[in-house]
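Labels for the chains are A, B, C and D, by order of writing; each one numbers its residues from 1.
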Amino acid sequence: MIIVMRHDASAKQIAEVVARVESHGLRVNISRGEERTIIGVIGDDRPIDRTQFELLDGVEKTVPILKPFKLASRDMHPPDSLVPLDGMKVGGPQIALIAGPCSVESREQILESAFAVKAAGAVALRGGAFKPRTSPYSFQGLGEKGLELLAEAREATGLPIVTEAMSPEQVPLVARYADVIQIGARNMQNYALLNSVGEAGRTVLLKRGMMSTIEELLMSAEYIMAQGNSRVILCERGIRTFERYTRNTTDINAVPVLKQMTHLPVILDPSHGTGKWEYVTAVARAGIAAGADGLIIEVHPRPEEALSDGAQSLRPDKFAQLVTEVRRIAEAVGRG
Amino acid sequence: MIIVMRHDASAKQIAEVVARVESHGLRVNISRGEERTIIGVIGDDRPIDRTQFELLDGVEKTVPILKPFKLASRDMHPPDSLVPLDGMKVGGPQIALIAGPCSVESREQILESAFAVKAAGAVALRGGAFKPRTSPYSFQGLGEKGLELLAEAREATGLPIVTEAMSPEQVPLVARYADVIQIGARNMQNYALLNSVGEAGRTVLLKRGMMSTIEELLMSAEYIMAQGNSRVILCERGIRTFERYTRNTTDINAVPVLKQMTHLPVILDPSHGTGKWEYVTAVARAGIAAGADGLIIEVHPRPEEALSDGAQSLRPDKFAQLVTEVRRIAEAVGRG
Amino acid sequence: MIIVMRHDASAKQIAEVVARVESHGLRVNISRGEERTIIGVIGDDRPIDRTQFELLDGVEKTVPILKPFKLASRDMHPPDSLVPLDGMKVGGPQIALIAGPCSVESREQILESAFAVKAAGAVALRGGAFKPRTSPYSFQGLGEKGLELLAEAREATGLPIVTEAMSPEQVPLVARYADVIQIGARNMQNYALLNSVGEAGRTVLLKRGMMSTIEELLMSAEYIMAQGNSRVILCERGIRTFERYTRNTTDINAVPVLKQMTHLPVILDPSHGTGKWEYVTAVARAGIAAGADGLIIEVHPRPEEALSDGAQSLRPDKFAQLVTEVRRIAEAVGRG
Amino acid sequence: MIIVMRHDASAKQIAEVVARVESHGLRVNISRGEERTIIGVIGDDRPIDRTQFELLDGVEKTVPILKPFKLASRDMHPPDSLVPLDGMKVGGPQIALIAGPCSVESREQILESAFAVKAAGAVALRGGAFKPRTSPYSFQGLGEKGLELLAEAREATGLPIVTEAMSPEQVPLVARYADVIQIGARNMQNYALLNSVGEAGRTVLLKRGMMSTIEELLMSAEYIMAQGNSRVILCERGIRTFERYTRNTTDINAVPVLKQMTHLPVILDPSHGTGKWEYVTAVARAGIAAGADGLIIEVHPRPEEALSDGAQSLRPDKFAQLVTEVRRIAEAVGRG
């Protein structure tokens, strides 16, 4: 970290800051500018709360220099990490297409969805059994019954299952059924849950919070990895901005930024990113063009009857069309 | 809800929308304008996902008319709800001042803090035993040991205790020690946790998420109330915006807006709202001037040694000064 | 518009609202729901300030139904508008690549840039002579001298010129030199300037303000078109959000949304959208994949010497690589 | 500025950065940390575009140390600047209340407004003759006729006039009539206009842009001051955020932050800050409690007939009530 002193800081104040730095076993470099003196801290200062220094007399501000994440950083692990998903490797040349309904609603609906997305080219089936809903009066998911139906769909189609866990106590149950445990956007900073899936030994699909920075997403991945689980797939799913014509604003910049900062695979969720089915295919193409390793798409056999997120769900024929278009983009960027 | 048809919607499409509305047991009112036909839905349509209608052919958009929350709404419960806190009633004429350190760090620190905030006029002691931290490498709180120290501080000072629970399985433990269970901003939409504190029968201090609208805050209160627990205190603690000079942007508008929309008490957290101790007192005064029922303030005997949030913590003497200034504002708005 | 009455509105209040609507020569449709009465206004109510109704006793809120823009709307003009730019038509199948330095800095720099971007495949040259800079102490552009150098570059390369006007009095001067007058993001709602370029009879490149909604962008286009100038090219250039790792957040959703809402051509500026050259090519590919009609890219022969925006400028060889990659995407979406 | 090298930067890369810094006549301080080398630049580097350094090989990022504004900074001018407004001094102990309608609509309306706000205690009359409106089809103001009516109202009441100029060519005209020229939020970064009012020798009321940072507001003040005009009053009027229940989010934090960073007076506009008259008084109280030097309030004799901003305009009796309540707060913070 760098400690910037106020323009009127005294020699005594500077000495006290230096003494405080050294009391942590770190060293300093002092740079006296024309308007400000700057104290550079030498050594790993990440475990120390920077604000401790900001409160010392004569200090104007501190600036972090080291990135706060390690395990997720490409600095520490330059090659791409490949996360196995059934036969394929997410993060490798092949694009991972995960698709299915927002919620598991019935045996018929999930089986119909599973066969449809498989036929179109999906490599995994998504579907929520536990649903985080803004209103307590909305459909909350089928719970364990939904997990059983997902397992039945896997048996019938061979597709691995991606489904969400909403609290630590659900994790063991979800892990019994799921191939990939999803952490939803609202839970990206639910640290008890992150620790819990870190310990569960299942691949984790970690969605970015709707108002979380890219760095915070990586810090949440770091929580999971710090428990020894490095099979983490990151998912950009749109952030909340002042623009309300779309449900969220897909942060397409985050795709190349994440690919540069981390070795973990990065996929895009254009269904939540836009919130309207008309725009899903265009933004799906954009995601692959920007370098995403895959897509997660909401598909429902009859969106107008969906119990949640119908507005952003594609019908199976539209999804098949999306797959065709995305494949052309994938080829144009040299991927399969 | 109102269903707005596209300008080129056909009579057949309109008829199909009407049939769909009626299939839910609701009635319609049709208004044919010069450019658009509008279908008004008559009856309580809140349990139905509006997007089901948006997907029908010829529909341009839907507009909700009814507010999505009921128990929290002032429409349903016009008088102010008063939430008892030790001897006082939060939401009544007296201002509730809750203060203490971000985290419980040691026996000495919490006792010193408790005596200091009590001397200055606080009516409750805050302090975190379980801490949600962005980084897995930061101090995570003392856990149950912290709760024991809080109980000791209560015994010593008589101040009731406000402390956070981060996951459903922590709730029974926290409820054994706490007078008020805090739901932190990152957990405002952790629905498993909301249900859990709804059942725990303790007063809940519900902080607005940094990414959450005023309406979503009320929906989260609704989750707790729907479990039969109506002792909920709402807390505005700053939202995330493009402005980064301060840690968050205190949404002062939210104070009069919430007081109008809901009967629940509303307090302000200027410590998180600003993130810098220099601005806490000014914004605390603003909160009371705007009509808040109380304040929650971070106070630490030695902020420069705090393990978390030191930068926004007041020293006890500054807190005493804040109390004096806030009292003058409270009198100016006719409160004690 | 729809006027929603409060749940306790009286018959007299409803009658007064109706009378007020009718006093404007409009008609009403009244829908009495179980909780609320709703008054639909029939006729073109766009010239009336909706808030006049919101202030009447018993009114809860109003909801606009008609889109506030007409000339820019696809409802009124379903086919794509094609805007001629030298030999090509922006908005047609061919992708328009506009490139060049942020600022014109010297004769040598602009000529070198112009030949380089032409060689790589650009169809127009961008370069600022008048520069809006956050600081009064930063380089403000060469002014008319810059325009002369742009004209010389056009003569030398045959490329049409895109350059910014910052105030109404600059418009006649800029129009003498420019083929396309750019309205910068900070001036998107500078209405005097919009009117002025509306009258100038030159093609206008209108950049979205960093703080402006998609609808506001279309309203600003409407200002220009209302002056009789329909040769308007819209440009998404990133919006300001809480994410600060990139300079702006490219709103990729805006591309398909705008293509649906308006007949005007839409191009993307990934240089400002990201603010860092490393991400420009990835986001440029994404823009074309999402359906943009073109790109505007900052290219500088020696970015490390640029007087403005060097960090987001590509070297000519990187730009040539971008063109190659973008062409592959254009083909994948069926464009040239 | 501080230049942070990549963790793998070579000695040669470091030497090249140093040479580049020295080529600008500046000196360096080099700090070799365990993971990163940091180069501190000594001397005034503000005229240099930092990005020039970010593009050199081996550089990870740069961090500014000096504040980019000088004339507006309290570092350079510690005491409060007092701006004369008729008999009073804005920025001194007395609170400045500026009030009046959004737009001048008629002789009767502006005179009635002027007498009403004077009677309630306002020290200046606001009213727009040139109106920036989102839609070209909305009322655009009476133009010069409006200025004449404002002058008549001044003559009748003795109140000085605050009114907006929207473009440089309007400035001489507006300056003939106005005591204070307002720069509206949409024009905060209209640099041609800022230069123009900088030269006009009239007091300027500079409103913060709805998506401009506090620092950018100060940079815009710097533009005006760099032209020799230091009579600048800053105005916080709400920023655009994801919260849309209110028209804008009043950034109450900005009040104490600005008072600390600059010597210029700071006033609050709760009318635009909230957009709804019901909340104006509460937020006005909050502004004064937070330390604002004044308020600017929209008042209209019949808001339901206003041609603009009726929803956020107070009736004269509500304004008189506001003044009474604000006075009590002013006394509570030791002001008149």
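Just so we're on the same page, contacts are C-beta pairs under 8 Å (C-beta built on N, C-alpha and C of every residue); 3 or more make two chains touch, one makes a residue touch a chain.
Everything quoted here is computed from the prediction, not taken from an experiment.
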State the pair with the higher C-beta contact count; candidates are B-D and B-C.
B-D
What's the chain with its C-alpha centre farthest out from chain A?
D
Roughly how many whole angstrom separate the Cα centroids of chain A and chain B?
26
Compute the distance, rounded to whole Å, between the mean C-alpha positions of chain B and chain D.
31
Would you kindly tell me how far, in whole Å, the mean C-alpha position of chain C lies from that of chain B?
38
Residues of chain C touching 2+ other chains?
211, 240-242, 244
Complex contacts: residues of chain C adjacent to chain A:
211, 213-215, 239, 241-246, 249-257, 260, 273-274, 278-279, 282-283, 285-291, 325, 328-329, 331-333
Would you mind writing out the residues of chain D in touch with chain A in their complex?
2, 4, 7, 29-36, 38, 40-44, 63, 65-66, 75, 211, 240-242, 244
Per the touch rule above, chain A residues touching chain B in the complex are 46-47, 49, 51-56, 68-69, 132-139, 166-170, 186-187, 189-193, 209-212, 216, 219, 222-223, 226, 240, 277, 303-312
